[in-house]
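Would you mind keeping the following structure in view while I ask a few things?
In this document, chain identifiers A, B, C and D correspond to the written order of the chains, with residue numbering beginning at 1 in each.
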């Protein structure tokens, strides 16, 4: 891997590529907004990295085994001044900071009054960021696809409601893009752009979303190993956008017999990921369990495992929700969750700080 | 679910939607090229389907539980004149017909001479359709992404080679699109458009690919159940494109210990899928196993399980391939595979015919 | 299902069986120590349960769909006077009570001094029950199988050390039986008998262990769904032994790529199981993660999820341990874990009590 | 690993153990019937194997990484004169030979007439070995557990029927042992002893079964990786019994959504296993799929994948079977399966032989 200086010229890049070819290797040039990274294709052991390091325009040259380099803790500390945890600021809220970040709202924006009422109530309950789905990914073409399916105007109207609810109740807002065609529109209204679990492997979408320049809320696919999850986050980092909030939202449950939860919330992935990368991890117990009666325990557990935040679906009347009513909690229940989780977060953080000091 | 007549007017559709709302339900209108399908959102049991069936423009109204209806065997027989297996014709080749369809070629198009040499050799070995990757989905941004990454011109040049190789050696060609932006370009050169496993859940891409009007080679995601796989194929059928070739290419292997194969080729999925839908299923033992030494056995096994075809990666010198050399076989080995598989296909088909006659 | 009165005679049982056969069904008579349960085999809907209920010796007759009935919360409340959580008392310790129960000790008993030193140190750190493996289940016949492999005398010596360490440091002790031949010996020294994950499906062993009359520490197999786990616990309950401590110790990790943890600790299983049965659930983060650096977070998470206790492997010098050193923590680390977990347990329990009061 | 000569004395073994300890390692002595194997515990790299090789009684000393050594193809060829495939002879039948071996019969022995009728019919259909379950492993204590549950006399009567049916229709018989207490009884009537999938990890049972001296039919657990499966087969080989027939019977299906098959028949495991060990592999499509309508295709596929045999459940009237009727086929269907499979077996074997000659 060769990292070019930010001021490197095209000619310098071309000249490095030429040198790479002399070793019988090919070069894969990734031009991000802030830097150009040149990957070596083929058996890197043939190459002389100390030679590459002396070429004009080259910041650094080294052999990499990991598919996620730019977001790794080690790399972040050496080259980007990253600490243990990157603090991603959105409005007045920080994800990855001292305080637990709470994202809440309806699964799906169904209308203005529904959204405003929920926004008001989750704000009172202690939420800091508002969520609401407009472009809904659905397993069945015969199911409700969200207001985003109502043409560009319908989608824009719903996005405007979300923006206005955020303004009114002083919360940054997050919503999902499902395809490249929606990025510009979503980016003009949302503070954070969500990439859903089913799009985790969609590298073209990831690169485009990253280039929109807003923080990205990036959900792990339910069939993805940790290394894949981080490797695809790297696609965004390679575009120069490192404001990536990772989200654990459940993996495939064990295959046989009745499923007691919709997915398996993979909580040991949280501390395991936090050892690998400085990017903060948030948990989504709502989609993971699909069960309202497990949200309290699994929220507490996620925070105890080291999550920097939670994304929780809430509704004043879960039975009335058009999508996923089974997994939503009321604002009152949310308040209780937030209260317990903030205490647990402090308990766990205290230990982590102690560790940092000692270690 | 309400199926409108093909000649139904917009007003008739609007009027049906109005009626649906009277039952406290919402309507999700999917306008395909050939028909409009109206999905009911909410508790369908509240609705009076016999009433809907009498409305002007309505072809049929019924309650659906399955998320894949249009591609189901039962529906195909009743409304579309589909038989046991849809025969998808591409040039002189039929997928789903009496003869086993063999798709072969390199994992990745690396250059014109590489492609032409492989095309010539797989043709001689008995292949009928040529494959070659240009837009490569890769786990790592630091890996070679295919010639499609070389800007529009580089991509178009590689696509032209593929087209010319197909013309020269009389084989239709198939290649993958990875994002919506590539569809027009790919559709103007390829006879069949492939949607890779990682894009199986990408409903926006599926709808756009379907609208390109060419047969689609649709790979199952390695974490997807059969019902999900068929539900996402339904997204394409809902756009009026039923020339969908399903491809089983391996699911997540068991989680612990060393993986002896890259994925687990889920062969019982093949006959299980064939009981559900008239769409033909093809197997890809190359990506599933990732092992050249297992291709012969797993190809034979896939055909014995009822596959209508095979997609196999081949290279005159597997050790030289830039991507996935471990799983490629030589043209000579391919010939041997095809010979055994054609015999097994006849053996198995004979039984299935006997069954149809008796049953 | 027909539950006989505890004083029912053999003749009464025989007569019920005869009646069952009149309905074209077969009977499966399970004679537990305290009750006889007669299962109906075949289509139960043919039978007249109100008739059975009137037969002499019959306590109750009803149709069952669940494979775990005797340990279900509903049944426990109706017939056995069970509350939300069964409190299993062992010496001065209660599992399932107000206080979190901590089981700690070495993975494997290696010698008397090793065991005594660890026992002393974990006791000081706050542990209440001592664990130590003597009959070790191992994947490879070529690995160390524990001191239990040293013939009956060697095994008995190790068991005696365990017993003495328990006496000396005032902790009940738990150790595993791997085969039926070891039950009597183990039962004569241990306060709690452990059945390991790999023996979860071993119904003959379960029945025999249950009959030994001591509390059983029952680990979930890494491939078992929750319903299977509970169904096999039912094998022990059917023998009249309901002092069963369920243990979640990790399920198969996702199949592809590098495993960052040995197994996936399935924490949402804990509250899900606690909705089904009154039996208490304990978590084992040591075997689940296989990583010392994740024990703190995953212990806290397990307790937050609702665990009634923890089983944690500890060693004064993890690097010296013969088996599983990678996953052991030191007594100092254990103390820190226990301190945080006791606080989280109180926080979470407070909410659960509030719930019970309100609900 | 140190292999002692078969004539090595106890003193020689003790002396080797002493030498091992000098290197700071421990020794695990496995005394099989035919050989003693000494495993080294600890970091083997500390040891001097060339020194061990010179000690009296030592046949061979080397470092091993694989947990399955004795059954590996490489070891078999070097020390035991094993070829590509071990041929296990039972009566007149050979498993692992030129001809496909067909094992068929009812899931469960329900009575003498049922068994005899099925035996007669499967024999006519072409089966060579008769199966019939007597000690049934069941998920629920409330389900029928087989005639083996009717006390020793009931069990022995059923075993005698099985033996007599085998004699009458000239087929060796195979039945399952579920616990150690049943081994002697089963071994006195059965030609092959089956260890079910749920007991795959039961190392105490495996050692005892192996010592009974009869061929073992060994089923892979549905959650076991290939390396675990072979490692536990090694437990039997370490007792000197290498007449082990491996059986692939399906692994856990993918976790979400409806299961179209009960398990996932892991057919690529068959050729993968055959590259590792000389032991023959048989497939059980009945338990794997749980669907009668998939048996034909999956039997053919298993043989195409390289299986040396098949175990298939059959019943003259599947709807009448007490257990697993959904997955049984009729003798007529069995005949059709056998006919197609024998042809495929020849086709595939021809290629393998060609390979051996060339390779």
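Operating definition for what follows: a residue touches a chain if its C-beta (ideal position, glycine included) is under 8 Å from a C-beta of that chain, and two chains touch if they have at least 3 such contacts.
All figures in this text were calculated on a predicted structure; none of them were measured in a lab.
Which chains lie in contact with each of chain A and chain D?
Chains touching both chain A and chain D: B, C.
Which chain has its C-alpha centroid at the greatest distance from the C-alpha centroid of chain C?
Checked the centroid distances; the maximum from chain C is B.
In angstrom, rounded to a whole number, how far apart do the mean CA points of chain B and chain C lie?
47
What is the distance, in whole Å, between the centres of chain C and chain D, each centre taken as the mean of its C-alpha atoms?
Each chain reduced to its C-alpha mean, chain C and chain D end up 30 Å apart.
Starting from the mean Cα coordinates of chain B and chain D, work out the distance between those two points in Å.
Inter-chain centre distance comes to 38 Å.
Where in chain B do residues touch at least two different other chains?
222-224, 228, 252, 254, 256, 259, 264
Chain D touches which residues of chain A in the complex?
Against chain D, the touching part of chain A is residues 222, 252-256, 259, 262-264.
Using the touch definition from the top, list the residues of chain C that touch chain A in their complex.
These residues of chain C touch chain A: 223-228, 251-252, 254, 256-261, 264-273, 275-276, 288-289, 291, 293-294, 296-298, 300-306, 336, 340, 343-344, 347-348, 351.
Flag every residue of chain C that touches chain D in the complex, lowest number first.
1, 26, 28, 30, 37, 39, 41-42, 64, 67-69, 137-145, 149, 178-181, 198-199, 201-205, 221-224, 228, 231-232, 234-235, 238, 252, 322
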